[in-house]
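Input: one structure, supplied below.
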Amino acid sequence: MPMPDLSYAPELAVSAWFNTAEPLTLEALRGRVVLLHTFQLLCPGCVAQSIPQVQRIERVFAQTDLQVIGLHTVFEHHDAMSSVTLEAFLHEYRIASPVGVDMADGQSPIPVTMRRYGFRGTPSSVLIGRDGSILHQTFGVEEDLAMGARIATTLAAEGSSV
Amino acid sequence: MPMPDLSYAPELAVSAWFNTAEPLTLEALRGRVVLLHTFQLLCPGCVAQSIPQVQRIERVFAQTDLQVIGLHTVFEHHDAMSSVTLEAFLHEYRIASPVGVDMADGQSPIPVTMRRYGFRGTPSSVLIGRDGSILHQTFGVEEDLAMGARIATTLAAEGSSV
Amino acid sequence: MPMPDLSYAPELAVSAWFNTAEPLTLEALRGRVVLLHTFQLLCPGCVAQSIPQVQRIERVFAQTDLQVIGLHTVFEHHDAMSSVTLEAFLHEYRIASPVGVDMADGQSPIPVTMRRYGFRGTPSSVLIGRDGSILHQTFGVEEDLAMGARIATTLAAEGSSV
Amino acid sequence: MPMPDLSYAPELAVSAWFNTAEPLTLEALRGRVVLLHTFQLLCPGCVAQSIPQVQRIERVFAQTDLQVIGLHTVFEHHDAMSSVTLEAFLHEYRIASPVGVDMADGQSPIPVTMRRYGFRGTPSSVLIGRDGSILHQTFGVEEDLAMGARIATTLAAEGSSV
């Protein structure tokens, strides 16, 4: 069985969306730079570090066409992190950008999108170029300076449509 | 209608306990200093500040007879913060000291113990003396130095049974 | 040669005082609890950690009879940390409590008081009881909770004259 | 009297250099992106915030041709912040990139380069493009994400010679 070609970002498999009127697809976002970040609402590192960083990123890059997407990749304590709890979590933490629930298919405790990308845990993040390619995938949290530099370089190098 | 006498700490009304083999009562704890701290698992200030402070308190005062008790006082998003979610939360945040679920009685969205003490929100905390009196009640988080000083003064002034 | 009896705090040897009209001596402070903290103005750990902590201690214990004393124990870069630079440092960092310059006697790069106490570097601190005994001596910075607890216990146990 | 043309970065006037074998000039650095940051060794905001940020910038952009230059712009407490003290400061804070002492000319307490740029205090910073133009000048400290984004955009947009 051949390895999946990871140079292109697999499509999202999402069972429910929050903070967006329409479901999002990477296909429809082709042409824009996308930051996909994964979390679980009971993941301490997500709550303390990655989610606040994402919120800083949204503020600093508000004038660009960067699209930030959150993905709730529940792979443990499934009953504890239902959509009801997620909705209240998004409200309490004032997360206003689109968040999708990674689809559970019953074949694995690990949801579908998480399997497609091979995420090792939460938080993880993927920076996707305008052509849909994966430019950088990371597990954990990088420092703000490096994150800001990578996103800005991507926006600049690929010809921003800002 | 007379005001409740708040000089004595009202008894806890708890529907479920975690991290303790037996239910705790303030009556049975008479003779020890008790730090009662309230939280909601989706309260950002609790997760970022008060719970880590309580964990530092438990470590610093481990050799004393201080009894730390957590109380999950859910007054909003009730469906989002069930006992199933609380149990996973305690596991993920490595909270090992006793935590009770403040009892809901259907008369109010505010649970019973929270009403008895008149807590204004989460996080709140109460320091209870060996004689069962309320020595200090606060809403929000105090700085570590003041918290450490108050607990130590209470342990010392009242004749520690350590 | 017998070991010095370190249960009693050696007297300070100070060549210049700031923020006090009169020189301070531990002998004259007998009856009060004293926190002696040492620093060098070019010591990163002092600037970032111990001095801010001392300022928090002064604020939290402002209503007690705790006496805080700073000691500038220069044991390296002597020309770089003159009294002229120290005075500007105290101004810029808004240090308003008494600070003495540990006396250099030409016999050692290590000043006299630092030798008497056997301080291993900066920052160091000593908590001195009302009877002049050394209750605790530390190199580095302890966490606020432990520091607050120790000072409060000392003030309480020895019968505060507040 | 006409306003100076601030679109081009005025040349540095430096009386002493540290951490470089040869004096640096902006003229000789034409073709590279330059981050000029000013500080005083007794400036709390510089020590706590801007200098650590500059050290993070040097690390994150180590593989680019960004040139970081520090400028010690002493405009107060002149006797307290001599070159002797600066040298020890650079050693203790492990500042390894080039630092110049802004030239005092006796006409003002404000040194020459600081006057040329109109810096309002410390810390200040200037981002200079490959053509020698001032791209951004700031007083205080910006957040890491914005700083990383601005430097990366400049390196990318102007055609990095990395």
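So that you can tell them apart, the chains are marked A, B, C and D in the order they are listed, and the count of residues begins at 1 in each.
Basically, a residue touches a chain if its C-beta (ideal position, glycine included) is under 8 Å from a C-beta of that chain, and two chains touch if they have at least 3 such contacts.
Keep in mind the model is a prediction, meaning the values are calculated, not measured.
**Q** Quick check on the contact network: minimum steps from subunit B to subunit D?
**A** 2
**Q** Give me the set of chains touching subunit C intersected with the set touching subunit D.
**A** Of all the chains present, none is in contact with both subunit C and subunit D.
**Q** Let me check something: if the centre of a chain is the mean of its CA atoms, which chain is farthest from subunit B?
**A** That would be chain D.
**Q** At what distance in angstrom does the C-alpha mean of subunit B lie from that of subunit A?
**A** So the centroids are 36 Å from each other.
**Q** How many angstrom lie between the CA centroids of subunit A and subunit C, rounded to a whole number?
**A** The separation of the two C-alpha centroids amounts to 51 Å.
**Q** Taking each residue of subunit A in turn, which ones touch at least two of the other chains?
**A** none
**Q** Based on the touch definition given at the start, go ahead and assign the chain network to line, ring, star, complete or other.
**A** Topology of the interface graph: a ring, with each chain touching two neighbours.
**Q** So which chains actually touch one another? I want all the pairs, not just one.
**A** A-B, A-D, B-C, C-D
**Q** Show which residues of subunit A lie in contact with subunit B when the two form their complex.
**A** 42-44, 47-48, 77, 79-82, 84-85, 87-89, 91-93
**Q** Note which residues of subunit A are touching subunit D in the complex, please.
**A** 53, 56-57, 60-61, 143-153, 155-157
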